[in-house]
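By written order: A, B, C, D, E and F. Residues from 1 in each chain.
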Amino acid sequence: MKPAIICFGEVLLRLSSPGKELLLQSPRFDAHIGGAEANVAVSLHKFGHRTRVVSTLPDSTLGRACADELRRHGVETDAIDFRDGRMGMYFLTHGAGHRPAEVLYDRSNSAFAAAPADTYDWASLLKNAQWLHVSGITPAVSSTAAEAASLAMQAARKAGIQISFDCNFRARLWGSRAPEAPQLLSRLCEHANVIFGDDRDIAFMLGFKATAGDARREAADLAFKTFKHLRYIVCTERARASVDMQQLTGLLFDSQNTYTSRSYPLHSIVDRIGGGDAFAAGVLHGLLTGMSPQAAIEFGAAAGCLKHSIPGDFNLLGVADVELLLSEKGGDVRR
Amino acid sequence: MKPAIICFGEVLLRLSSPGKELLLQSPRFDAHIGGAEANVAVSLHKFGHRTRVVSTLPDSTLGRACADELRRHGVETDAIDFRDGRMGMYFLTHGAGHRPAEVLYDRSNSAFAAAPADTYDWASLLKNAQWLHVSGITPAVSSTAAEAASLAMQAARKAGIQISFDCNFRARLWGSRAPEAPQLLSRLCEHANVIFGDDRDIAFMLGFKATAGDARREAADLAFKTFKHLRYIVCTERARASVDMQQLTGLLFDSQNTYTSRSYPLHSIVDRIGGGDAFAAGVLHGLLTGMSPQAAIEFGAAAGCLKHSIPGDFNLLGVADVELLLSEKGGDVRR
Amino acid sequence: MKPAIICFGEVLLRLSSPGKELLLQSPRFDAHIGGAEANVAVSLHKFGHRTRVVSTLPDSTLGRACADELRRHGVETDAIDFRDGRMGMYFLTHGAGHRPAEVLYDRSNSAFAAAPADTYDWASLLKNAQWLHVSGITPAVSSTAAEAASLAMQAARKAGIQISFDCNFRARLWGSRAPEAPQLLSRLCEHANVIFGDDRDIAFMLGFKATAGDARREAADLAFKTFKHLRYIVCTERARASVDMQQLTGLLFDSQNTYTSRSYPLHSIVDRIGGGDAFAAGVLHGLLTGMSPQAAIEFGAAAGCLKHSIPGDFNLLGVADVELLLSEKGGDVRR
Amino acid sequence: MKPAIICFGEVLLRLSSPGKELLLQSPRFDAHIGGAEANVAVSLHKFGHRTRVVSTLPDSTLGRACADELRRHGVETDAIDFRDGRMGMYFLTHGAGHRPAEVLYDRSNSAFAAAPADTYDWASLLKNAQWLHVSGITPAVSSTAAEAASLAMQAARKAGIQISFDCNFRARLWGSRAPEAPQLLSRLCEHANVIFGDDRDIAFMLGFKATAGDARREAADLAFKTFKHLRYIVCTERARASVDMQQLTGLLFDSQNTYTSRSYPLHSIVDRIGGGDAFAAGVLHGLLTGMSPQAAIEFGAAAGCLKHSIPGDFNLLGVADVELLLSEKGGDVRR
Amino acid sequence: MKPAIICFGEVLLRLSSPGKELLLQSPRFDAHIGGAEANVAVSLHKFGHRTRVVSTLPDSTLGRACADELRRHGVETDAIDFRDGRMGMYFLTHGAGHRPAEVLYDRSNSAFAAAPADTYDWASLLKNAQWLHVSGITPAVSSTAAEAASLAMQAARKAGIQISFDCNFRARLWGSRAPEAPQLLSRLCEHANVIFGDDRDIAFMLGFKATAGDARREAADLAFKTFKHLRYIVCTERARASVDMQQLTGLLFDSQNTYTSRSYPLHSIVDRIGGGDAFAAGVLHGLLTGMSPQAAIEFGAAAGCLKHSIPGDFNLLGVADVELLLSEKGGDVRR
Amino acid sequence: MKPAIICFGEVLLRLSSPGKELLLQSPRFDAHIGGAEANVAVSLHKFGHRTRVVSTLPDSTLGRACADELRRHGVETDAIDFRDGRMGMYFLTHGAGHRPAEVLYDRSNSAFAAAPADTYDWASLLKNAQWLHVSGITPAVSSTAAEAASLAMQAARKAGIQISFDCNFRARLWGSRAPEAPQLLSRLCEHANVIFGDDRDIAFMLGFKATAGDARREAADLAFKTFKHLRYIVCTERARASVDMQQLTGLLFDSQNTYTSRSYPLHSIVDRIGGGDAFAAGVLHGLLTGMSPQAAIEFGAAAGCLKHSIPGDFNLLGVADVELLLSEKGGDVRR
């Protein structure tokens, strides 16, 4: 069996109002499963990798059904711990026109947030693994989750496994724990080989202020100086005429160069959520398969672009779909 | 403005899988608003009474939308306190055939459960009120909610307002607080003029064991001896061939007599949840409008029976609908 | 081309709340096309006959779409007159348990009701026709519609075409014109060879009061005495334990004998509306194909029973389906 | 209790085909409640005002359910008169691409249209009111409604209450009464302090023909000369590349100046209906809260723009949502 | 009865995932009826012509229901042969953003593909016909279907009926029979008066290679030289920014001139499938009603453009709708 | 890893009309995945066993999505062979009242039916397996599938693995190959340790005619005499008042005794399809866990009964759910 990519983080139930309706405008919710790390796991599986989610879910018909959805999309779920507790959720109101989407988190005291830091036996979980992916949402969820993320990354470091970290700063999630955020995040970044985040993330963690010129490059330089394992910093640039009309570009920094992808116009966006995770999975796929930095950021940007055409949090498309977009031979109907 | 009936308790968002599906079998939830006391309030409004829900809801688009649903059905919502916190919820899998329905509560740490006991200014809230209705779910939700329920009933007693209490014992909700339940519930019952509950509820609270013969009457006698304000004990009897085929009868006890309603066969039950609250509202309507005990229990049983034909937690039918059933002139199509 | 059966009456748009919900409980309506005579026309087409609806519909996208639905089910629609006006409609709340269904008519001033009595050129419309079917709903709709029905029947009588008339008395439709109803209905019955109606219909038209014993037979005798073209009176008997649990039997009277069909238990009724029209179409099919009176009433009762299993106003099943039920070899799955 | 804004007009049931389908393409309708004045009332409530709809609805489960929907969104419904009659409706086919939306009115002889002019006791209804809003749809509906609108405005004038009037000329509604329209509309305008309408409306009422240059300003000047209570004329300008791609700008005229709002590109319009009413409510909110003319027209244009992102006739967004758009800090996801 | 337009080809059941979902992302399919020739037949009926589909369908509830849908939209279905076999189908995943739509055919061994070449009695079927329309999909489906198409065209030629042929080359359908395609297609083109196809189609059939300059004109010249009955070649030009953002232009060639239509921007495309057939029907309508070549191509392009706004394979709009677009007076709401 | 249960057979896509509608009555299908052996595999996994489906599916987005659904429910899918071809399907019209359900198979020439007999490497597939389950549907599907089933059973026999065989005779599937059926089926039965089938199945295979008395026992005796590995014959008895009202009993025969389960009334059946497979899985679970024959048939009957309450082909309930029914303590709501 080939070595797996381990994604550690909370699996969420997303409840969204149908179409472009506001919450409870009509008495129905569409359900999707998501979570930053689960999204990466699903997408990487669709790109041909073995992926496993390490997480905690409630031991209920609901928690089991959420794990089933992950398994449906090819992610290994045997490392999920089921215990008493509630399901982490979020309510989503899709945006439209000039009305932004709205995410209402309801994940406090979830089974994942409440799980003790030593829930996960990392030595065993990281056997036959090739990569660990963690995001900045996990330390935001609870102190024990923050500690668990740290233990995971230390174990991976010890086992010689590559690590990626997606900053994903969400002020509302940190709540009263916000003052600890910069330190906690930057400690996790110390282990990372790949960081997904832009200059605002770096500024937040390291108290950096751009002097002039290219803030992104300056921030990257500081990060490379600060985080000794770091090989790549990766982020997107998003221009916006309205909620439905945007443009997406990928950027990848190594210690020397900046690689910029083709820019994709995004018209009639189907589902914005998970776009960043699809992008991250695309870049990771590039790095895992030995692409050049330029090829990796192109693959990531195309993957992130395509996610906007798929309902739900997951990017369910495969390598062939991304390559079709990269080849610019797509057409409007394949038959 | 006529005096209002005050219903104090948690307003819940119910999420049920469509039709007879299991949770997440297909990726959709139907949404309804409920809660034992809110259900009573809606039904009493449909019977022509002024009703107000006193509660706490999260100050979010979701919490506001839930209050809007109550207002839609005629309940006054200006006494609802909106504050930070999460929405109390439950997930419902409808039963069918020999598969029972399943309720999965997710209401811990809700805005209501977390609200301090002194959140509600009862002196002001009970002005121009004629009745207070509380249920045994409220003390189960949290210690502060238990204390709030007690304060409400004391204030009502002081203001000379009649009080009804629905025992509604739910072991899962009490959790580790279960040992306190008998004492907390019986203290609330001390204030009640009307108790909804059967001999098992009374046995639970008072440690009663039936000697022989008519356990219900014995339990009632003990309750009348114990609770000095008590005028009526009311309950239903439910016989069951399967989840979809049941029979419902109402029973009302005063200190002397037992009144038994007509029995209703329930075929092809549409929605079982809220049947007890519709029954309670029917009996209360009878008592509030001066019906005889027999007439009140007949009205309650017919109302409870009709609720089983309506999707959602609320009984949305009015006095004319109940009277049509009582008259046995219903027919299968009105045109 | 074989001679057609002409059905004259209003085509209606039915709007029903989904599932067992009350009107607007959720913000959606299911749409069906119906109307007593259109229902008979569709069912007779499914039994292999050529059928044409003569009617008036609004000349709008809505009216055209309603006619399209009739044509979809094989009814010829070229004799429908499209003119300015509104679409006749009704709102349906399905019944359940002990809650009866409710029909809310909204057909006043419809294009059909407003059409002048001389809208239809009967001499031409009845060419190559073998049967005319009219119901008591048409005279209830408006004075001009009543007059049009009378002209239709006179023309058919003159052309030597057989006539059936379904009494279908609806007090709410007649409204302030109710006092004229008995006379108008009995004048139409004078032309009928087959009347669908029971002793209450005959009593209503002829002021009959049963002396004792078999009211149905007495009423039939009076009708045969009064209406000189009459060959058969046909009706159903419906026993009811609840809205979802009924029993259906067909009865057919000629001047001498009473023919009674097998009785069908109706469990879990899917859609009650149109059951009478499906029954009528079944009996007419029997008469049109030369069945014995007993065979005709058996076919009609089985057809009426089967309709209760089909959503919407139309019975969409064919002769083979009815014969399968009559054969008692149905099974629960055909594969 | 703070003084209310009174909106007088018909409440309508809207039935639209799902998604972008044509009427009855699939057998379902989505239901919404609307009506020009009800739309304004809901939006003003969401902006924090007390609003009451004065209207007539059928005394049926349908009419009651429509009123419930208004109450759900915070509008006071106790001034609605329930009486026999039918529900005013319209059928909506959403537009798409180069296919315009289509509204098919079915409101003739509605309970509102049939209500006598003296149905409403304005002296009492306008107590504790601060504003009256009426639209040009009401006089189009029937002669009695026209007379009722006139009585309302006279009573408001007498009570010293400010009046706004939205011209909303709909030729199809006036039908054979069209020749009376200019005179009836301009009589109502005589009472108005604020008129929503553009130069074509003014031209229609006053027989005005622009000489040259700025037709809008010329028309406004004439209107200010003609209508002695008039303070503001307000309208929108809409540019259109296709049904889904438009641009919206607001214009406000006082007797001296013309104030023009920012222009909003409208991509991927969710629901076009009610955009004008949301705009009007936004401007009225500005005027009611003492904003400058420029600020009021900016608020109105942003509100009108946002409405295009919400399904149904109502703008359900609040002041904070509008201010977010005005601040240009919206983002594509709020979390 | 006016002479009919005969459309010969397979009627297909299309199953598409809801909204923009991938196949089976949620467990539901939307069903539509289509097929290149059926689409043309429906559209021509909506433009006022008598149309008949000649085809073979399975003699099952499914096959009958598909024919019913054609009849619903006005197409005569009495020339459809029902026999044992399976229903031809295709699965459609709608495209979005940069993700192309995907058609998955499942029509091998369908009742149509399996029908013997002599299934259709063309001498009788072409009586009272004025036009025959066939597409290049039919010879791709099976050898017998190819032979049947050839027999149809020979019979039409003999009967002096005009013939149109839509090349519609689909490599996947031809499969292993692809090498025969050029010869089979060009043999059918020999009968055609009107060919729908572009220079790639002609190159494919005739092995043509453009020398320089205007490839389309060169190809057309070759076709006019090769196919002696040919009067017009017609095609569209489609520019594409993304799946949702395109531009459509129509081109018509006669032996001398090239006629180019107005270009339509296509924003927010609702349903791309059937656009070519709607265009073809529009051009045929122009030719059938004696329009000039320029007018015919304008009508066709406008019809093709409008189809993109309608769910399903059929263009359900009429002449008035097309003329509204041609007039540029459309507006965004018609009321 | 514990040894797996191998289920060999075709995986089907089921398309059913919504609710109780006829096919295409409204333009939508509900999709489920099924197939006799896949159903057994899913149910056994829910009972705690490792299960693997061996099958062939089309290598398309559709085939992959069907496999994903199996994996979602815990079945191992790595032994599924993906190759060119079509998806096996069936169309289901749910029954209701006196209208039986109807299954319309569309599985000819599916990828599974077309797969060569030697597609499956049984020696490798049966490693670490404890049981092989095959049904009589597989030999009906095609000659190669019949041969593959035979090879599978021979390999299992050789590997010392227990074998169960469900006769599942479907005349329509065998078609022109029906004359071979008895011999093919009885050859497969020769390998079986457990046969699911009743006296009609045995009579069909062995040409048996009951002499008198207990036909089931006589047939069982003959089967035990004929099939030398046979340990148990298992079947259900189904009594039927209507499609919605049935009664289910399980029967298990060993060579000496007959074990009869409790009888379950089935009211308001949700989904009839898959009931037999759920029953088989229940009995197999009993045998696999060492239950007594009586306990095994009780478990099977309860499992079969519960399946009727779940939409789709799969029984998704676990051991605890079955035990709750067996304990008769179910209740109507679990909370």
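Note that in this section contacts are C-beta pairs under 8 Å (C-beta built on N, C-alpha and C of every residue); 3 or more make two chains touch, one makes a residue touch a chain.
Everything numeric in this text was worked out from a predicted model, so none of it was measured.
Shared contacts of subunit B and subunit E, meaning chains that touch the two of them, come down to A, C, D, F. Of the two chain pairs shown, A-C and A-D, the one joined by more C-beta contacts is A-D. Ranking all chains by how far their C-alpha centres lie from the centre of subunit F, first place goes to D. Most remote from subunit B, judged by the distance between CA-atom centroids, is E. Annotation: 42 Å between the Cα-based centres of subunit B and subunit D.
Centre-to-centre separation between subunit A and subunit E, using Cα means, comes to 45 Å. Of all residues in subunit F, those touching 2 or more other chains are 22, 25, 27-28, 68-69, 102, 267-268, listed in ascending order. Taken as a contact graph, with one node per protein chain and an edge wherever two chains touch, the assembly is complete, since every chain touches every other chain.
Looking at the complex, you find that subunit A touches subunit F at residues 68-69, 71-74. For subunit B in complex with subunit F, the touching residues are 19-22, 25, 95-103, 105, 170, 172, 238, 240-246, 267-268, 272-273. Partner subunit E is touched in their complex by these residues of subunit A: 264-270, 302, 305-306, 308-312, 316-317, 321, 324-325, 330-335.
Interface of subunit D with subunit F (complex): residues 26-28.
The touching residues of subunit F, when paired with subunit E in their complex, are 15, 22-25, 27-32, 60-62, 65-66, 68-69, 86-87, 91, 93, 102, 104, 106, 108-109.
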